[in-house]
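Each structure below appears as structure tokens.
In what follows, chain A forms one complex with chain B and a second complex with chain C.
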Partner chain A sequence: MTNDELITKLKTIIEPYIQDEVAFKTLSEDTDFINDLKVNSANLVDIILDIEDEFNIRLENEDMEKMLDVKAAMLIINTKLKA
Partner chain B sequence: MVGNDIVDLEEAKFTSHWQRPRYLEKIFTETEQQLIKNCTNPFHVVWRLWSMKEAAYKLYVQVNPSQFYSPKSFECKFEFENGNVKYKNFECQIKTSITSKYILSEARLLDDRMTSEVIEFKDKTYKNQSAVLRNALLITLSELYQLSKEDLKFQKSEFNIPTVLCNSVNIHVSLTHHGHFGAYAI
Partner chain C sequence: MIKEDIIKRLPYQAPFLFVDGIAAISENGITGHYTFKEDESFYQGHFKDHPITPGVILTECMAQIGLVCLGIYLLKDELSQARKPQIALTSHQMDFYLPVFPNEKVTVISEKEVFRFNKLKCKVKMLNEKGELVCRGTISGMIKV
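And now, the complex of A and B:
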């Protein structure tokens, strides 16, 4: 999967939870889920479970700890997919 | 220093699905999961524990500036309106208020009364809610310190930790919103 394909999939997962449309439209690898997209922290776990389902992977505590931005999410997904 | 967190119960019902597989094990310890399983109102206990963890996290990052997502590592205990959260060697005391519409928790290093002021929003837009909440906070602070609102400056650190700059002194504050409710504490 290319990075663009991965970002497209991530955007579909994140969209229901975002509260800042402008930041979502200009989403890049540096976009932060809580600070930029204003995702409520209570919904971050919904995003994590959606990622697990979409990519058929399991995220551990130490993966979740770093899941704060698009870049970190991509790195974690790619690492799990290669494992 | 203070950390607070509010959960709009209507909003939680519709946007978070705590009954979906793996949800509880992702954010709650074994002990907390047992508590949820064996209680009469799991919906309330789930959101009570969640608001305690969030309030404690917001206090923790004021003491130790950082940003991370590790709700499971914040271990909660509660009895009546009092609670206690432990994370590594950090420990704080929690007060929780539960109404038919929301659950609100407030974390302090030492046991204290709840001071959060709750606001019910007419508007669900994040930006408008944020502006209303900050404005209410600044009005309260200006009355408290007998200063004009223009002398107070709301700011957020690189880790998204809010403070209000007041005559070159940084005052720790905590703000929270969810659904139709928000709250601030000083």
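And now, the complex of A and C:
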């Protein structure tokens, strides 16, 4: 999967949970889930669970703690997919 | 953890405690009950001369039994006198079918759907004394020690 494909999939997962539409429209690898998209902690859990379903991977507490922005999410997903 | 301990650890008190007892509890779900007293404060205003339990209060009762009591049970190994649970309601979707009048006893049945990363999500329903469905839906909250 290319980075563009991965970002497209991530955007579909994230969209229902964001509060900041402008930040979502200009989403890049540096976009931060909490500070930029204004996702709350409960919805961050929803995003994690949806990522697990979409990519058929299992995320742990340490992944959750690291998954603060799009770049980190992509790194974690790619690492899990290769494992 | 015995059922009375769970109720003692609830962070609520009158007039906003809506749990009388717990009939059954496990890692997967809980059944509990509450009787709406005739002198509950909200009956004065909901509605004028025609007391009916507000839907938000039914939802609160379901959240206290179905989510918070169950959450305390799930976190039982981490709790102590000094370590109290921190809770926050994060979302709910609820459908209402029948009214609940003063002095009615309701039973709340909750099934755990997800408890991960401190988020507890449950399918919850409320029955009246005749066993009829009063309301049902999904409630989620964050709970941690």
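We take it that the second predicted complex is superposed on the first by the 83 of 83 C-alpha atoms of A that agree within 3 Å, B and C clash if a C-alpha of one lies under 4 Å from a C-alpha of the other, contacts with A are read in each partner's own complex, and residues count from 1 in each chain.
Basically, a contact is a pair of C-beta atoms (placed from the backbone, for glycine too) under 8 Å apart; a residue touches a chain by one contact, two chains touch by 3 or more.
Everything numeric in this text was worked out from a predicted model, so none of it was measured.
Looking at the shared chain after the overlay, A:N56 reaches neither chain B nor chain C.
By the touch criterion stated above, A:N40 is placed in contact with chain B and with chain C alike. Which of chain B and chain C touches more residues of chain A is settled by the count: it is B. In the superposition on chain A, contact of A:M67 is made with chain B only, not with chain C.
In the superposition on chain A, A:I48 makes contact with both chain B and chain C.
Chain A uses residues 40-43, 45-46, 48-49, 61, 64 to touch chain B in one structure and chain C in the other. Taken in their complex, chain A has these residues touching chain C: 40-43, 45-46, 48-49, 61, 64.
Of all residues in chain C, those touching chain A in their complex are 88, 90-91, 114, 116-119, 140-142. Residue ranges on chain B touching chain A, taken from their complex, read 7, 12, 15-17, 20, 22-23, 26-27, 50, 54, 67-73, 126-127, 160, 178.
Residues 16-17, 19-20, 34-35, 38, 40-46, 48-49, 52, 61, 64-68 of chain A touch chain B in their complex.
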